[in-house]
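Below is one structure, written out as structure tokens, with a few remarks after it.
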Amino acid sequence: MSAVALRGIVSYPITPFTHSNQVDETLLRNIVENMLRAGVHAIAPLGSTGVMPYLSDEEREAVTEAVVKQVDGRVPTLVGVSSLTTERTVHHARYAQAVGASAVMIIPMSYWKLTDKEIVKHYDTVAKAISIPIAVYNNPATGGIDLAPETIAQLLEIPNVTMVKESTGDVNRMHRLVQLCGEKLSFFNGSNPLALAAFVAGAKGWCTAAPHLIPALNLELYAAVERNDLPSAKKAFYRQLPLLQFIVKYGLPRTIAAGLGLMGIEVGPLRAPLQPLERPQVEEIRTILGELEVLAR
Amino acid sequence: MSAVALRGIVSYPITPFTHSNQVDETLLRNIVENMLRAGVHAIAPLGSTGVMPYLSDEEREAVTEAVVKQVDGRVPTLVGVSSLTTERTVHHARYAQAVGASAVMIIPMSYWKLTDKEIVKHYDTVAKAISIPIAVYNNPATGGIDLAPETIAQLLEIPNVTMVKESTGDVNRMHRLVQLCGEKLSFFNGSNPLALAAFVAGAKGWCTAAPHLIPALNLELYAAVERNDLPSAKKAFYRQLPLLQFIVKYGLPRTIAAGLGLMGIEVGPLRAPLQPLERPQVEEIRTILGELEVLAR
Amino acid sequence: MSAVALRGIVSYPITPFTHSNQVDETLLRNIVENMLRAGVHAIAPLGSTGVMPYLSDEEREAVTEAVVKQVDGRVPTLVGVSSLTTERTVHHARYAQAVGASAVMIIPMSYWKLTDKEIVKHYDTVAKAISIPIAVYNNPATGGIDLAPETIAQLLEIPNVTMVKESTGDVNRMHRLVQLCGEKLSFFNGSNPLALAAFVAGAKGWCTAAPHLIPALNLELYAAVERNDLPSAKKAFYRQLPLLQFIVKYGLPRTIAAGLGLMGIEVGPLRAPLQPLERPQVEEIRTILGELEVLAR
Amino acid sequence: MSAVALRGIVSYPITPFTHSNQVDETLLRNIVENMLRAGVHAIAPLGSTGVMPYLSDEEREAVTEAVVKQVDGRVPTLVGVSSLTTERTVHHARYAQAVGASAVMIIPMSYWKLTDKEIVKHYDTVAKAISIPIAVYNNPATGGIDLAPETIAQLLEIPNVTMVKESTGDVNRMHRLVQLCGEKLSFFNGSNPLALAAFVAGAKGWCTAAPHLIPALNLELYAAVERNDLPSAKKAFYRQLPLLQFIVKYGLPRTIAAGLGLMGIEVGPLRAPLQPLERPQVEEIRTILGELEVLAR
């Protein structure tokens, strides 16, 4: 997959569990199939939404294989392979490549803050171990490390590091990336409420879990931008903004699980210590989804 | 002036000084005239660029009168009248109204952080003392107080408080203001590098000192957005972005003075403790302006 | 006054107002006299507590003269002379020296953030204009500029800049100052809840408005540290800590005015936009002072 | 072990590796033995220094068993058992108890930020699974979650949650904990440069990796505080402060490994992505240790 191939709505499936706390592969494949039918442009398992860091190595492998098989080449797959250690990251990157993933996504996870030199060596080591493209993922709110645009630009000099997902929620970071790397840079927005601003700044795509609930609105925003229809893009954006703000405020796994539950799809328990959304917030998302007319009457 | 009348490029003149450190009214009027000739849509004296807080009461009155007279009703004038005390703010607001200003702009200045109740009373007291519209100005980086969107919405319920200038540089604040106050809200962007994102989010105008140096590019960005031409807007934005980033990074009074100097307009000493831009930064802005082809060969 | 002369409890009087919003010099002198009778080691008018930035030049001069005369050399006086402009700072520094102040205190006030070079020139200009000692005051929460320990050390190389008041509330800053300037450094703590930690780190004194309400406890803490009695110091500290936290949380002018009111001393209106403490907070400080047994039954 | 039993210098061994990247148990036991000979009051394996999050489950178990066996009841052992999931935390807590650890330490690790309710349930679940005491560990810089003093107080209501390690480096947090939980609270300081301020605030002990390099100075500081000798405590503190600042600035695993290397003890490669200290920093710690006279001539 060349970097250019990935664009549009990159959809992040959650990882559903059975009541005995096992990964529910059947449901996972159904969720992915629903996304594909809705028309999303790529599938990205094992993101933050997919609670990657809370899964065992075996569970991660199972999710990777199930999703790649289900997608079956219909759209690109972008698999999260991050780990605190370089060794485990290499392991998961190789696994993803072996089962046919289009690309992998790596966030530098932190317990100890890493130096730039350590970060570069980490990516470089993984890059040398695989041949498919790597997307750099910057999300200090979850990963604990903030990659400056200058550091990202440096990582993009590694041959198969070809994409960036920026989730700081600061559009100035995106401007700076474009200035450093040129307009052809394959950068993706990972901050849901920034969807419109990011596309206008030049983002090639939007990495989001929202297609679990409102794929049509997500796709409509992208289509409006693509056809240079700013008023429609703005309208689509402000319409879905309350849901985007909600899922960011209360956390993707909790809110997507609650939203799917309201739509009749039970995705099982969250992995502890994560707990289901509290009752008042469930009512809040019920209202939001109701206004978007995505709940059955 | 109704709130709707103010839109587009709202241009902020610096306050030039003579070598004996007096306000240079002649040069100030020339600077304003140049902006008007370039086609800006409003003039806003005594902003941060105009070093309002560093001027004596008498100097502020002189600047107000000189600018309002020079503009002479050709475009709206928006005069900064903020002060640490409510009493002085009322004084300057009344003065601006008396000499014919279209509207006044008020930032809640802080030494002691103010409670929301104190802030509301402050605006309410000034609003009752004048009949022209008031723009709320939020810029925690200079004023020291950060007005939450919810507080701004509360201030907008005061009858003649009709506009907002948002300078935090966070487009999410603008989204939230639109959600709270509706799409008709007269909000203005005061963070230069956010110019494009803010217009796309629905800003009615852009408050900027950049027209001292690059009025054509500023106006071009606005015009492209107005005609729904996103590719041209993006192109105009990225072209002027290096200058916008530079003037924010090193401070408006210092950088605009240096830029004007390079264009042959000497605006005198800055008011101490502010000092002229250092030599390496002067070279930096020379390069930036050179690439924008606004310096004479 | 040599730098060494200032130590112990440096007491900051509020500026009381008459009901017609004039400085109440008689009450101010009474407040100062009460502090002296209680045994404080220095008096510092026109601090943050004294709402210096909210006063006119004439009011500042009146407060300076009234306090210096009332103290009459019994203890050192440390007068706040800060202003946004260097010119006005020089003016007030000269005035303080002319009426007999022992030393002046200067916080670099910000609207525009200042460069280190601008800050050094600001202090240097004032220092050259007077012959009495200058205390550098670092309090980013009010002044808007954060002086790094390294910058403070640089300022202390100016001949009559001999003292530092650190109010960031971070004891590590004090450690760093001692490392940079040596154990003989005259540094003072301005963060009330840090009183004990600062003395243990080597602070020569504690700049505080608490002696309006609890001078005996303030003096007891200092005395215990001086006689190397850590258990007593700790006991005195934790006893007064709730009041110290309260006055910081709700702001010195509001809380000291409320506390004095509860003790029967009415200090008049605050200067708008500052407003009196809300009723629930008044009850809170009544409880705190009641437990400290400083309210009459 | 009752909560009171743990106090003084709680020493954190690193996890050494062989050149084939296996845990070097022999060297680990030697390092622990050296600490015991120096006189530390407790041993805490699998802390941040021991790179706990970078180890496999099997490695964590091996380290736990090796250290508990080596200590052999001579001092208390406090074993780090944290994991992203509750299930794995329970597993490691049970293991530690089974091999004879005196207590376990748990930091709420984050990828997704946790709600207070999730945090309480996490600790409660682990507490119910074991019978030895639990220490709450707050260190947002590594764990990514900041426990407010009020949340910590709530956790301390769980029966066998009896201790707190505070590593934010803000002494005001410690004051607040004492106010909320009383003076008998077993709280420990985990921010090295805050060692003196924390003891003065009432900390029962200091959790530190510094005894790898300067055990005598660490113990001297504690002893001076214990005998109420503030001048000696201050002297001991400022003497070791440069090393404490250095190990915090560049990270404990990197700096302790470098320091041990300079003392002739090679602890093998760090676990990637962590890399050895850069050359200039090695020279810096050589100078610091040289001035402390702990390097052989």
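As written, the chains take the letters A, B, C and D, and residue 1 is the first residue of each chain.
In this text, a residue touches a chain if its C-beta (ideal position, glycine included) is under 8 Å from a C-beta of that chain, and two chains touch if they have at least 3 such contacts.
All values reported here derive from a predicted model rather than from experimental measurement.
**Student:** Given the pairs B-C, A-B or C-D, which one repeats the contacts seen at A-D for over half of the pairs?
**Tutor:** Overlap exceeds half of the contact pairs only for B-C.
**Student:** Approximately how many whole Å separate the CA-defined centres of subunit C and subunit D?
**Tutor:** 39
**Student:** Please tell me the distance, in whole Å, between the geometric centres of subunit B and subunit D computed from their C-alpha atoms.
**Tutor:** 52
**Student:** Roughly how many whole angstrom separate the Cα centroids of subunit B and subunit C?
**Tutor:** So the centre of subunit B lies 35 Å away from the centre of subunit C.
**Student:** Residues of subunit B that contact two or more other chains, please.
**Tutor:** In subunit B, no residue touches two or more other chains.
**Student:** Sort the chain contact graph into one of these: line, ring, star, complete or other.
**Tutor:** ring
**Student:** Within their complex, state which residues of subunit D touch subunit C.
**Tutor:** 169-172, 175, 178-179, 183, 193-194, 196-197, 200-202, 225, 228-231, 234, 238, 241-242
**Student:** Which of the residues in subunit C end up touching subunit B in this complex?
**Tutor:** Touch residues, subunit C against subunit B: 48, 51, 53-54, 84-87, 108-115, 117-119, 121-122, 125, 141-144, 251-253, 271-275, 278.
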